[in-house]
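What follows is a pair of complexes built around subunit A, which joins subunit B in one and subunit C in the other.
Moving on to the complex of A and B:
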């Protein structure tokens, strides 16, 4: 096992709300090595995005606990100035909705130039040349003209490519992609996935992919972590986790994904119920209210993390028998 | 009427008032025959000359005070959001305190203080600039609170989050990313401030006789205050044109402000 680029250790992320504190992430532990891709999956409200944005400490009012070690240095102990130097230059982020993530008041060329001006102190013609090169690199045709466009003048796919160009501008070592294909249609999704795969291959950048799409994780990632109600419930290599899930929640997510070779007209499977309110969690296992295999122990004791081997672990009293429901 | 139509109508009204007053200033005195409204009783000057002069006074007071108050409010709002924490709380609380005191009370207090200083030979400020400064002193508080709230809501946008994720400082986020989108809102506030300021100045002029200036340089409010008694004798001949221009000025700016506000709400 090589040295970790990013190590998240017992991370907690808490937000103050009028109804009291809300712990969006509770004791998350993750590890990402250079050049590898880690998928973080879970339903909406499971805490994936809160975890991802906490790496860059973007939530000004969030209370963070535990440790986020970047190349061994704990980011939770870094001052704001050090964090600003890190953001965009070493760790960059691509957000879900390209329309709302781009400033409608500025031309896209200027927005791609922003990290170059901030971190590389480039200006004038050097910035323009770099911007056009970045746009070409992410597959934006006619970059000189497109750089003059405003976000609303571009298609969803081009806007997402602009966001990726912004993120890659300073050659970061880690790209956090927060549901990068959710807001674009299916054909564009495939192009974006292919682009991310090519960029990862060419630049060797590590990727933390936040998604609810297990298919996307299967295509892009080496490892996967599954989140539920603020907790990581299973981690491991993609092939192992998707091939033989140990946690019933992972199995449920896999079962609810539509398959091309499935029976036409057959009802899709679903995980009954919804993610519990994080301020009123059920006793015992957080998944027990939705788990078909829940037993008495699940309703009283919260399962602790169980390491199966160096790369794999789960948080379940009664892990599946490695065959899974699929 | 849609806000856009109102805005255009407001601008047309303001343009007509402006062209009319400039036209009168350029050629009015040289036209054959007297002002159709005659002269002001007890004065040598015509109603046209004093009314248009009052219009310029009122418009200048409104534009200068409204503009300065809006700029002061914007500066303080940016400072509050840039500093955050205790500084922001203190600035917003200060604005709330100023906002809670009746405008007339502050204006009377400033006028009283200025008179004392003038009597003591320590202040040499014309009534126009004193009134303009006083209106700025009372006019920044409400806009500042509104601009702070607007900046806060714009800072919640995802592109701000994205800018911060690239390493932008708080100041850069405010100036480069948030301010351009706040501009229509600030312009709308300015356009609303102008008629509010004109109304305040006119009210003070009418009630207290302490307007932007007196005599032949009276603002519209002061002119109406000086001559409203003529209503009983001459009807609307003397104050009617001033009342009409006053109304057009207020409505023109207000409708223009509504149109810009509607545009700002869409961003």
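Moving on to the complex of A and C:
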């Protein structure tokens, strides 16, 4: 195993709310090696976005516990000044909605230039040349003209490319992409996916992809971590987890989405019930109220993390036997 | 058997810009020359990207908007020939389920009252007790408990709210349900519950669905026939199986190729059918075939063929499997 780029260790993320503290992430442990792509999958309220945004400590009011080590240095113990240096230069982030991440009053070229001036101390013609090169790299046609456009003059797909260009400006080693294709149409999503795949190949950048779409993870990622109600319930290489899931929740997610080669007449396999309220979690396993395989033990003891091997682990008393066909 | 609802040559233009001083008003061609039919007890899936006009087609079919040209016939009655009163009566038989169930419910109204509303309007003869029984029966049918009936929408999850909206639609005893992205806002684990519920209700009540969605996997699962729209026009329409197994329009093929596929990563192959660029504006659609500037077939065509696509809009033609493309037979070359 090579040295980890990012190591998240027993991370907790807590928000203060009028109804008391809310623990959005509870004891998450993850590692990401240089050049790898990790998919963080979960439904709304699973804690995946809270986890991702805590890496850059973007939540001012969140209480963070545990450790987030970037090349060995614990970011939770870094001061704000070194965090500012890190953001954008070594770790960059792309959000779901490009419109709200861009300043509507500034031309996009100027916005792409901002990290270059800030972190790389470029100025004058060197900035323009670099901006145009970045725009070309992310597949924006006619970069010299497009750099002069305001965000509203660009399509959703181009705006997302502008954000990716901004993120890449300082040659970061990690790109955190939070639902980067959710707000765009299918054919544009395919273009963005192809772009991310090409950038991974060409620059060797590590990617942390936050998404609810297991298909997207399958296409873009090497490894995957599945979250449910604040807990990471399963991790492993993509092919292994999607092909032979150990946790019943992962299996349920895979089975509940219709497949392109599925039986059209058949009922879809449902995961019954609803995601539990994080303030009123059931006793024992957090998934037990919805799990078809739940036993007595699941209702009283919460399963601890079980490492199957260096890459694979789960949080289930009765992991699925994947010897037979699913 | 005649179709429950049939649209012929539907066109809808919306004026844009202009105003008092700008005489030459432009128009958005939201829907152009759309002809569709839905048989009783079946589902027509309508797919396409945002702005392609699929929701407008739904509203035209339900008579919520009047077409600029063309006509809609529901169970033998021409919607355009009806007065407001007759149209309102007919609309009971056509109900809607929306993408955002929260926006479709009054936040201050207990859900039992919301479900009772169509009964008050369409069955005023029912006594309060009869109405209450009917509401509880409907809530039970969609999977909600009687003790939840007096709660407000905010006390329910997204999936439960969609169930409430479906119960309210059923209260009117419709024959056609226009489901506009009904599961798009729901979590994956909840989507299957709603898809299964809609399938059960269709079987029980011989309901017809117009199912609008951008999720092709869901559409494949629920629809008997599928129509694909691009920039206001239907470019392909066929029974579900052949459309997915062997799409004949390059746009349909591109949509299918856009679905994330884990196998593609394993093989390391890029998409062959990747549309370039962005969807054009419906205010200034391209000449000829609207897809021609982005068409994946374009590089394979000779100059004369390319010129034809830019000049002449292809008609939607075929028997059973209709397609609007001058060069549909070339699709096999690049697959």
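Note that in this section the second predicted complex is superposed on the first by the 315 of 326 C-alpha atoms of A that agree within 3 Å, B and C clash if a C-alpha of one lies under 4 Å from a C-alpha of the other, contacts with A are read in each partner's own complex, and residues count from 1 in each chain.
Rule of thumb we're sticking to: a contact is a pair of C-beta atoms (placed from the backbone, for glycine too) under 8 Å apart; a residue touches a chain by one contact, two chains touch by 3 or more.
These figures come from a predicted structure and were not determined experimentally.
Enquirer: Which partner, subunit B or subunit C, is in contact with more residues of subunit A?
Expert: C
Enquirer: Is A:131 touching the first partner subunit B, the second partner subunit C, both, or neither of them?
Expert: neither
Enquirer: Considering only the touch criterion stated at the top, classify A:226 as touching first (subunit B), second (subunit C), both, or neither.
Expert: The answer is neither, since A:226 touches no partner chain.
Enquirer: Does subunit B (first) or subunit C (second) touch A:44, or do both, or does neither?
Expert: second
Enquirer: Which partner does A:257 contact after superposing on A: first (subunit B), second (subunit C), both, neither?
Expert: It touches subunit C, and subunit B stays clear.
Enquirer: Between subunit B (first) and subunit C (second), which does A:5 come into contact with in this model arrangement: first, second, both, or neither?
Expert: neither
Enquirer: For a test of understanding, state which residues of subunit B touch subunit A in their complex under the given definition.
Expert: 157-159, 161-169, 172, 176-177, 180-181, 267
Enquirer: Can you list the residues on subunit A that touch subunit C in the complex?
Expert: Residues of subunit A touching subunit C: 43-44, 141, 155-158, 185-191, 193-194, 197, 212-216, 218-220, 238-239, 242, 252-253, 256-260, 262, 264, 267-272, 274-275, 290.
Enquirer: So in the complex, the part of subunit A that touches subunit B is made up of which residues?
Expert: 53, 56, 58, 84-89, 92-93, 95, 97, 100-106, 114-115, 118-119, 163, 166-167, 169
Enquirer: Enumerate the contact residues on subunit C facing subunit A in the complex.
Expert: Listed in rising order, the residues are 49-50, 157, 159-160, 187-193, 195-196, 199, 214, 216-218, 220-221, 240-241, 244, 254-262, 264-266, 270-271, 274-279.
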